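Dropping the structures in below, format is structure tokens.
Below are two complexes that have chain A in common, paired first with chain B and then with chain C.
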Partner chain A sequence: MSLPSVPAIETRGLRRVYKTKPKPIVALDGIDLEVAPGEFFGLLGPNGAGKTTLIKILTTLLLPTTGTARVFGFDVARETRQIRRLMNIVAGGEQSGYGLLQVREQLWMFSQFYGLGTREGWQRVDELIEAVGLDEQRNQKVSSLSTGQRQKMNFARGLLNDPWVFFLDEPTLGLDVSAARSVRELVRTWKDALPGRTILLTTHYMAEAEELCERIAIVDHGRILAIGTPDELKHRVQSESIFRLEVDRLERGAGALAGLPGVVSASTATDGTTPAPDGVQTLNLILDNDTALGGVVTALGSMGAQIVALRKSEPSLEDVFVELVGRGFDEDGAGSNGHHEAVAR
Partner chain B sequence: MEPTVAAFDRHALRATRSRRDGWRDTWRGYRTAARLGWRVEANWADPILFLTYSVAKPLAGALILVVMLEVVSGGGADEYRAFIVVGSALWSFVIAGLSGLAMSVLDDRERYRMLKYLYISPTSLAVLLLGRGTARFAMGGIGAAVTLAVGVLFLGVPFDPAVMDVPLLLASMALGLSGVIALGVVFAAVVLQTRQDSWSYPEAVAGALFLLVGAVFPLAVLPMPVQALGLVTPLTWWVAAVREALFPDAVSSIAGPGSLYTRLTGVTEPDRWVLLICLLATTVLVTLGAMLTFRVSERRAKDRGLIDQTTGT
Partner chain C sequence: MTIFARPRTASPMEAARWSPRRQLATNLRSVFGRAYPRLIGLAREPSWTFFEVLLPFLTTSAFVFVYRALDAPAEYIGFVVLGGAMTAFWINVVWMMGAQLWWEKDAGNLELYFTTPIDLMSVLLGMALGGLVASCLRAGVVLLVGTVVYGVSFGVDQWVLLLAVFVLTLTALYGFGMVLASLFLLWGREAFHLAQLLQEPVYFLSGLNFPVARLGMLGALAISTLPLAVGLDAMRQLAFPGGVATYGTPSPEIEAALLVAMTCFFLLAARFMLRTIERMARHEGRLTTRGD
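Our next item is the complex of A and B:
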């Protein structure tokens, strides 16, 4: 089967301004993006970067302020019918659903809105219920589902029309480790079953993006800061030196090192390693070059901290992110590495 | 549980999605939305309670008015009793029709948070909302029928099948329903724009209209400008035509001493043709207006991101 020659997603100078008071918010500030059919594409960015806004525009929920956006060549503002047939969306962290209905019934109704025949609809629903692993809940009321089960139902809904483009807005948000893993498994299996299926995923979990996405765009303040394969992105910081440092008795944490000469950034590692006991911290250090390390070691000594382990490491996606966005996810959020553990394997 | 590849593969790249949207799809979407509405609105957990509520409300309304009438007039006013029973029976219907679509916008957006998923399906929003509103409409219809029956059986409303004007009744019901639905679409278009909690708007406005259209008292008692407003509303002509069809002796809600209609035309009792033609004209007008309003509203909602906004937490 030959794939369509038009891009699955194409935006040109896409801008979206929310007319809020006292001053308007520029959620998207000139996004130029092209995603090929069959790509698994990721959007990474801090809270408020504009990821959801972009997805809303592409799913015909919201109009662009200026610029154009197309899905398989169809314009989001004018050709909504066509787009709606060939895309679908699943968002995470939602409590949506008609609580009174049974899972199977609600899904069937949506199959009808997508134009499936009556019997065809039931058949499709039963297949999807099995595929997403909701067999036992098929006749349960929607209101009685757990968060994870609800998300599985949401996926079944999203797959009813077999989308060419599947938008996933933080699909594993709020799920436990195993539920998140089975969602990722599901997404990958679905995508691999047929060439041409395209996915646009937003996530806050670096490991999730790295595990799933073939290409990633890092966005902030409504702009794309960098775009490429995970490896390409990591090469961007290859010219710098990255160290992993385990240190004891460092009172002020990563912040204590930030201002030192040659230090590009210092942050608490959040890749899911179990925290060591006795106040030992693991830090990620990005330095201009290896020689800056001497100064760091000296400084640590003078602060009374003790180096437990020091290792030069390969850059991670998070290093790229921290360098581009200027802050880790933790710094405006929970401040622990707890919410990253969902993707630890 | 490992997902099965086969289920994903079989429906691959369905031919249907290149198909144009046909009437069959629209009809299927409407039917399903009606079913959805029926399942979601009707309290099936307690059918008795649900039935009591959908019937007791209009019935109680009619009873209160009839009793008030008896007290005020000292009994004996048969034509007025007929007037009131028809008015309030139709009104339960009108409230359901007017507020039904708007309520489903609010319910689906705020409570169930499904409006956006309905919206991004290929079925058009207007069709979905019409379907969603149908259930409320049907319940209103049951209430209206019961109220009429009780009026005839127990309240001494003089009903004589021999004088009933069946063609007029059928024609005015068909037109009147279209008019109600068109107004319901206008309400839905307005509610789509609201940011605040607006659950009480639709019923409140429908209640206010009740007073404008001659449902409980003739237009003649209203100030002239308000009467003019009443005369351009299809509901006014609908209520009058249904009354004329069922109870030819009932008092006219439109004409009579002190009415704008009589002052303009010199006629004290509009005949069935006048009623029908005016009903037709106002219905067409309101329907066109509704289509325009809805289109503008949907566009604006999409521009402002109102389709998936929720005001709650």
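Our next item is the complex of A and C:
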């Protein structure tokens, strides 16, 4: 199969402003993006970065305020029908459908929306149920599914029309570690089964982006801050030294360390104002070079904090993000639950 | 995983290119697709059906007793039974259809429907079809039980016309339901309150429990605007020909034409509103969003 020559996704100067009161919100502020057919592309950004807004524009749910967006050459503003026929979307926490239907019935209903014949629909539904691993739940009511099973059903729904572009908006949101892993596995299996399938995945779990995506754009406040393969992105911070410290009684937070000589950034994995129950926090340090560590250790000592463990580490995407944005993912108050840490282990 | 390795289309361009026929077929399929959960629900939750049959039947019975006590002409009993049967549809339209899109939005379904290749009109038609079939069952029970218990005798000559009027009443009524559903989605809670306010007067003006012709000018107004009023009047004329109670209203043929016009109007209005809803949603980023 030869891949099409047009980009799977292409945006030019894409801006989206929500007319809210008292003042409008600029959710996307000039996004230029090109995703090739067959690519697994990730949008990584904190809450409110504009990820969902971009997905909504690409899935024809929302119009750009200015700029253009195309999916396989079709314009999102004018050629909505065409785009809807070749793509699909699954979002984390999706609760679509009708609780009283059984899984099979629910999926069959959706199959009709994509023009599958009656019998063809049932057949495809049964095959997909097996492929996503819901055999035992096939005759169970949708309302009785667990969150993980629910998300598998959503995937089966999203694959009914075998999309050429599959949009995944935080697909593992709210799933436990093992359910999230099986969802990621499912995505990859489907993607790898045939060349030419394109995926655009948004996430704020760095490990997830790193594990799945061939290329990643780091977004914040509606802008792309950096774009590249995970390795390329990590090379950006290679020249610096990165340390992870387990620190007890870090009462004044990581902020106090930021001004020290040689410290590029200092951030904690959990929100600095609410220490973990046992008081030990993980401190991520990016330093100009190794020698700056001495100053940090001294400063921690004088603050009354105690270093429990210290190790030098390979740069992660989080370090890239911290360097680009000047703050950690979870340090804006609206932070996540530290799930990415669980994913990383 | 063999199914994953089997592509459904050879290229994205092929996937995006549908013939007009395929688009139409898909829209028709999705009408039945959306009606499906409603029908499954009917079979799976029979307790709803019980109440939805019982309530109209009780109202009908109350009016039967009143008319009997007043020594009203025998045809009045038949009128009331017919009206009681049609109440099942009316309740379904106002209470189920009206809130449907709202619920769909709340469940996140509406947004998902917008991402599929179909016209939302198919979804709305599917809801109407599901509700209509479900309500037919109830209406049938009320009609049958009412007829047997209260000894109603029908004198139908023009069966075909009666059937046509019945079907047209339903298309007009459910067309109205589709408009209602779109209005509720557009205007939200205010529309709900307005509907509740109008519920009783409209109920009354539709003449479910008495011939609307008795209302004079008001009745004429009702016949020219309310699908249930005109449909019921025509059906009563056809089911009890020669009765005095429908005297003064237009002939059933004219009323049937009126129903056709209403159906067209409501369907076009619903389509227009759905388009507006989608346009607004894409511009403003709300309406079809969950929980706002």
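Quick notes on this one:
Rule of thumb we're sticking to: the second predicted complex is superposed on the first by the 299 of 345 C-alpha atoms of A that agree within 3 Å, B and C clash if a C-alpha of one lies under 4 Å from a C-alpha of the other, contacts with A are read in each partner's own complex, and residues count from 1 in each chain.
One rule holds in what follows: a contact is a pair of C-beta atoms (placed from the backbone, for glycine too) under 8 Å apart; a residue touches a chain by one contact, two chains touch by 3 or more.
No experiment lies behind these values; they were computed from the predicted model shown.
Superposition of the two complexes onto chain A shows a clash between chain B and chain C. Touch criterion met: A:Leu63 reaches chain B and chain C at once. Once chain A of one complex is fitted onto chain A of the other, the partner contacts of A:Tyr18 extend to both chain B and chain C.
When the two structures are aligned on the shared chain, A:Gly133 is found in touch with chain B, with no touch to chain C.
Shared-chain residue A:Met109: touches chain B and chain C both. Once the two complexes are laid over each other on the shared chain, residue contacts for A:Ile89 go to chain B and to chain C alike.
Contacts of A:Ser182 after superposition on the shared chain: chain B is touched, whereas chain C is not. Of the two partner chains placed by the overlay, only chain C lies in contact with A:Pro37; chain B stays clear of it.
Shared interface residues of chain A, touching chain B in one complex and chain C in the other, are 1, 18-19, 56, 59-63, 81, 84-89, 94-98, 100-101, 105, 109-110, 112-116, 124, 127-128, 130-131, 161-162, 164, 189-190, 193-194, 196. Every residue of chain B that touches chain A in the complex is listed here, in rising order: 1-5, 7-14, 16-19, 21, 25, 28-29, 31-33, 35-36, 39-40, 44, 112-114, 116-123, 128, 302-305, 307-308.
By the touch criterion stated above, chain A contacts chain C in their complex at residues 1, 4, 8, 18-19, 37, 53, 56, 59-63, 72, 74, 81-89, 94-98, 100-101, 105-106, 108-116, 118, 124, 127-128, 130-131, 161-162, 164-165, 189-190, 193-194, 196. By the touch criterion stated above, chain C contacts chain A in their complex at residues 1, 3-5, 7-13, 15-18, 22-23, 25-26, 29-30, 32-34, 36-37, 40-41, 44-45, 107-109, 111-118, 281-285, 288. Chain A makes touch with chain B in their complex at residues 1, 18-19, 56, 59-63, 81, 84-89, 94-101, 105, 109-110, 112-116, 124, 127-128, 130-133, 135, 157, 159, 161-162, 164, 182, 185-186, 189-190, 192-194, 196.
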